[in-house]
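Alright, structures below, take your time with them.
Two complexes come next, and they have one chain in common, subunit A, joined by subunit B in the first and subunit C in the second.
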Partner chain A sequence: MNEPPAISVRDLTRYYGSKPAVEGLNLDVPRGSVFAFLGRNGSGKTTTIRMLLGLVQPTRGRGSILGHDIRNLPTEARARIGYLTEEHQLYGWMNVRECGEFQSRFYPRWNEKIFRSVAGHFNLQMTTRVKHLSRGERAGLCLGLTLAPEPELLIMDDPTLGLDPVASRALIESMIFLTRRSGRTIFFSSHQLADVERVADKIAILDRSVLRVCCPLETFRQSVQRVRLRFSGTPPPPVPAIPGLLQAVRTEGELRLTCVNYGAAAEKALRALAPAELERVPLSLEDAFISYLGDRGEKSFILAETESETEAQP
Partner chain B sequence: MCSSTVKLDITISTGSKVPIYKQITDQIWLAVAGGKLAVGDQLPSVRVLAEDLVVNPNTIAHAYADLTRDGLIESRAGRGVFIVHKRQVFTPEEAWRRLEPLLDAAIGEAMALNFSHDELKEAFEKKLGQWKAAMKGKPSDE
Partner chain C sequence: MKTLIGKELREHLKVAVLGLGIFTFVLVQIYRECTQYFANLASGQGSWNGDANAQPLLGALPSSVMIYCAIFGAALGWLQVHSERHRDLWAFLIHRPLSRSRIFFSKVIAGLCLYALGAVLPLLGMIVAIRMPGHLAVPFEWGMVLPVTVGLLCGIVYYFAGLLTGLRQARWYGSRALGVGVAIVAWIAANDVPEFWRALVLIGLGGAITGGAAWGSFLSGGYYEGQPRWGRRALVASLLVGSFVVVLFVTALLESLLPRGSYPWSRYQTTKDGAIYKLTQPAHGALQITDLAGQPLKDAKTGRAMTLNDFNRQAASEPSVQANFEEGAQYERAHRSRYGESSRFFTLWRQTPDTLWYWNRNGRLWAYDVASRRFMGSLGPSGFTPGSTTGSDRFNDPEGRGGHGNGYYEQSYPARTLSTDTAVYRLDLDSRTATVFFAATNGDRIGGALDIASKDSDWVSTFIVTRSSIQLLAPDGKLVWQIPYEPAYPAYDGISYFILDATNKFVVWIEPDGRTNKLSGWTLPSHVTWVAAGQGALQSTNLPSLSGYRGWRELPLTERVVRSVVPPGFFAAPLLLYGFAALRDFIFWTDVAASVTVAVVCAGIGWGLGRRNHFSVGGQCKWAVFHVLFGLPGLLAFLSAQEWPAQEPCAQCKKPRVVNRDHCESCGADFAPPARNGTEIFEV
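Now for the complex of A and B:
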């Protein structure tokens, strides 16, 4: 796939006063990917998204989105980008159908069938006024309004925030549905790792304004490993210096380490401690994420793109 | 498009230690081992299964690629994905690896119920006998 990435930024930086919100961000979002943008609150995700859309000017650095400079996005390019914000500008007095009609006038390419099908997926009545919609229903309406112009790139800032499980699932289903057309890219921020695990093929993790991880989801899972060493009789020795150590927990007869890029060298160092047993313990995505961003341990490891994409789709 | 695909009864658990693609391959292997899927059965396409399970199509493609590599399924151009292999579903090592937690769980529960070593042995033998009798007369696999 030699297509240019849907989103590409280099050294993208934004300061608020002397405080960095985003620092030196380099990121490529390949076309056709479902890309999850992760990080704790205040790590700079929203600022990044707003810079991508030209809503916030970068202090430094550059970026392109669908091949256009983010500092000067032409209207034509804007129409090919769907941006789902938490609060879409909706008029309370309009009903669902009128919202669609109103929105459609701004887009040369408007697919009413998609609007109706998303609305139907969220059980919306065309005649219900916006002010009478529940939060989940509003989310469905906003999603319909965003998807009907058939955007090539869909950007969502924490789309499932505050949604109940049913609405949240409907949104995730719509994301999967969107990938039906090849080459459609979804870039979304989220704290819902269960959703991320379902839909994302790539992830990036921002930590305190700095990008720490950018790789396929599966690569991240494989890179963060927990190792358990059991010791009989003696208490565990102090933890040796292992490259990539994130966390170490020592208990009575056990040493539990979480490492990134755990490999032969680390294993050799641990075997030298002469444990009675050494065992790799699989981690859930959430545990891996928390170990990675948690407070203990060193954290200066960027996972590189290591895995070739599996594109095969019968 | 004349043949119909089988309905796969797959459950996805997010937050599990087992990655989703592995949950899918495990459950398809189990369905074959348990006779719910047979040679010649057609599996849903990547797209259909992705929408059915609500997971990224690449994840399904990953699972199908693994199953293809392991010789369980085959993708026939323009027709779909089919189960092609049944015998020796697991390697001996894999079979043992799967048996272990099942035994541990059963024995653990039984211990908690205060069964003695001998009682358990006896119960196990008895069960095996019942299974053997029940399986008698059934055609074995090739």
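Now for the complex of A and C:
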């Protein structure tokens, strides 16, 4: 029998004024998965996470987290959910030890070993006040406070935001440490695609408040493809309307197209342009992601434009 | 909870300590001023400056406590929320295995402890210092602590208002701080009611409204939607009161900026030659002074209409006595004054070079040594009791304290006599004795006695009102004149007499009790008698009552605006208190009509907004009733509370629909899922 998902939302919608921040979101996060929630700034990731935790009321729709209604999350459910906020805000007047002691009193399953281990990983002095910690150290402290209660579900909102590469790596390593333990679910948003690539099983992408992607990471990488068409002269305008076209960049004698679900129909339409050469170019997750969330439609590469202008001058 | 309480205490301790420091400094200054005041009295450099200035618990302290507690309470509440205003820190606080209510109450418990540290502790120290013998030469009793207690408790309402302001997700220039209006109203009303228990009820009500609104807002993260029903009601109530304060403030502002008419009034006045004139101030136009036949009074020198200043120079001095024949009259009178007024407890009766003599509400004169500031003993009708404040015999409340005259003769204060229900006593403070000056006979009772002074002598006569007669006695006890007390008490209880220029001639007015006159429809006339020494009444007449009722059209424009914005629901208060008689006696239908008209317009606007936003029929009706009851402030509260959902055209029927419902209000269609753009990648 299938386990119910750790997170499940249907038609989840939130408006701020007349602008939708999240629109008609349908999502299932399987238990035990590492789920990356991606999107550009302002796409609705944080709002979704805050709705999941009952910090913001949805305008419409419903959802459950660990089997509990998100509009009425009971205290025992909160004890099983760890939440790491994006700016790692804590009480500046507390020191590291006090933060741990403060948090430990609310969680019966508090694991002091984990807290001290994470704190040690980030070289945190127990007597240092939070306001004197660097951003990376504060992130580490927040992570320790989030992991020590041994949550079943860990929700992290862009945990590496603003961290230097070393701190970011340390944080991800700590997260991997947790994922080794069975049955834990991690749901996190991030802009660090290299980190996502390292740890995520599945991804979801929000584009301007609407969910466009929800699949395993590999499926996404395979679905977004770049095709390079070489022409002996100038590529013929206009680019044909092929299904799933994300971007078309025109340079001297070349047309680069990025498509979703590139298939036989699309290839046929492109071959009709009679290119001298047509080749598929592999994409990294970052390239695929950027292409997916970049501006849609045809545009000239900015350098190519500059180059062509330079060439046109006598 | 303990952990959170500890965290809150540590986090905001500095605020409480800062408050403690400021408040202690203020209290020390007040205490020093008081001790300096008595030091000056002892050295003969200062003069008596009022009872309230001698006893800080009834003078400088209540207002200082009120202001400090309001600022400190509101600031503390606001800071407790504001410090966690950052959404991530808020999430860190809220996302833990503890209900939001428990988190809220942890904050409140900690906040109240800090409030006690910053406000109650220094005040307790001050009270102990005041109470300690030898510090202030003035009576102390625990009832005098009530005004500052009210100030302290009002601070708690401000505290909740501060919490609410910090929590509300609304604009600063909008409705965010409207909750403070409840605290302001509770503050003003609690200071105005006569009894302490009423003040407690008002503060409790204010605390319940702001506290409930803050609690509800805490549960919903500051939004109206998502609150439990009681939270929404408390929030709307606080916004309603706040809106009412804003409306009154704006009206007052307009009143000060716009040209305004005069508030109409009229009264009679006797001049020093014994004539009676009627003074009428219409809403528009100049004051008119006419004789009883309606002829304008003219200045004999200029021939022009007499001005008020010139007329006042001709007006006769007017000492008066408020007759009271009830059992235990002294207590009745003492309790008539507000719980926070010094006159409720004591009044300085006389000051001799080395002693301050206070009439205390237990009916005895308390003596304090000016130099040592210690209590010496008390004087009653049967004599002086050293070291004791009590005795079986008692004097009634002295008449005329705080009174003043406008002519040659004036009410005597300090006085020479004090009365009981059956006798008036002459007091000799040097020998600390009381001797009978006048005794009522044949079961008659004394309803009031007043010593009269002149510029040349501090005692020229004593005016005594008994159940059967009104009489004037010379200092040697001889009767100057006597007239019967008719019309009689209790319908007529105000007796004043005018001292005329002509030697030994007077005019006595017997005025109806204001409330009785109002209930009778302003039909009770004033009874006027001209009297002469040794002859008694010369002639008498009745003057028609000058009604307190003002026609709507007579009122200044701003007054009409004020009456229009008074919510119709407020008119229900006298109805509840006085029954249907209030419809005739206290409620002016023009006011009600204006108020209801404005309320109906507001209800129409509210109904339109509700329809536009697809409120349910039940919701529409409830809001309509609310608007009809609370008028303009109600509409403002409605606009402040509601978070209007966005609207979109329905994909099926194309009509606008609100986005916070699952189905279209017009056609019942579901929301369509977001449109696809062909680039979706979903796991099959």
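To be clear about the criterion, the second predicted complex is superposed on the first by the 282 of 314 C-alpha atoms of A that agree within 3 Å, B and C clash if a C-alpha of one lies under 4 Å from a C-alpha of the other, contacts with A are read in each partner's own complex, and residues count from 1 in each chain.
Rule of thumb we're sticking to: a contact is a pair of C-beta atoms (placed from the backbone, for glycine too) under 8 Å apart; a residue touches a chain by one contact, two chains touch by 3 or more.
Keep in mind that this is a model prediction, so the values were computed, not measured.
Student: In the overlaid three-chain picture, which partner chain does A:Leu12 touch, first (subunit B) or second (subunit C), both, or neither?
Tutor: Neither: A:Leu12 stays clear of subunit B and subunit C.
Student: Going by the touch definition up top, name the partner, subunit B or subunit C, that contacts more of subunit A.
Tutor: Looking at subunit B versus subunit C, the one contacting more residues of subunit A is C.
Student: Just to be sure I read the superposition right, which of the two partners does A:Leu285 touch: subunit B = first, subunit C = second, or both, or neither?
Tutor: first
Student: Pick one for A:Glu76: touches subunit B only (first), subunit C only (second), both, or neither.
Tutor: Touch partner of A:Glu76: subunit C, not subunit B.
Student: Counting only touches as set out at the top, which of subunit B and subunit C does A:Ala248 meet: first, second, both, neither?
Tutor: neither
Student: Mind working out whether A:Ile65 is in touch with subunit B, subunit C, both or neither, as first, second, both or neither?
Tutor: Neither subunit B nor subunit C is touched by A:Ile65.
Student: Can you name the residues of subunit A that touch subunit C in the complex?
Tutor: 11, 13, 15, 17-20, 23-24, 26, 50, 53, 55-57, 59-60, 75-76, 78-79, 81, 83, 85-91, 93, 102-103, 105-107, 202, 210-216, 219-220, 223-224, 243-244, 246, 260-261, 292, 296
Student: Which subunit B residues qualify as touching subunit A in the complex?
Tutor: Contacts found on subunit B: 12, 14-21, 45-47, 50-51, 54-59, 61-62, 64-65, 75, 80-81.
Student: Name, in rising order, each residue of subunit A that touches subunit B in their complex.
Tutor: Residue positions touching the partner: 34, 169, 172-173, 176-177, 179-180, 193-195, 197-201, 218, 221, 282-287, 309-314.
Student: Which of the residues in subunit C end up touching subunit A in this complex?
Tutor: Of all residues in subunit C, those touching subunit A are 3, 7, 10-11, 86-92, 94-99, 220-221, 223, 225-226, 645-647, 659-662, 671, 673-674, 677-683.
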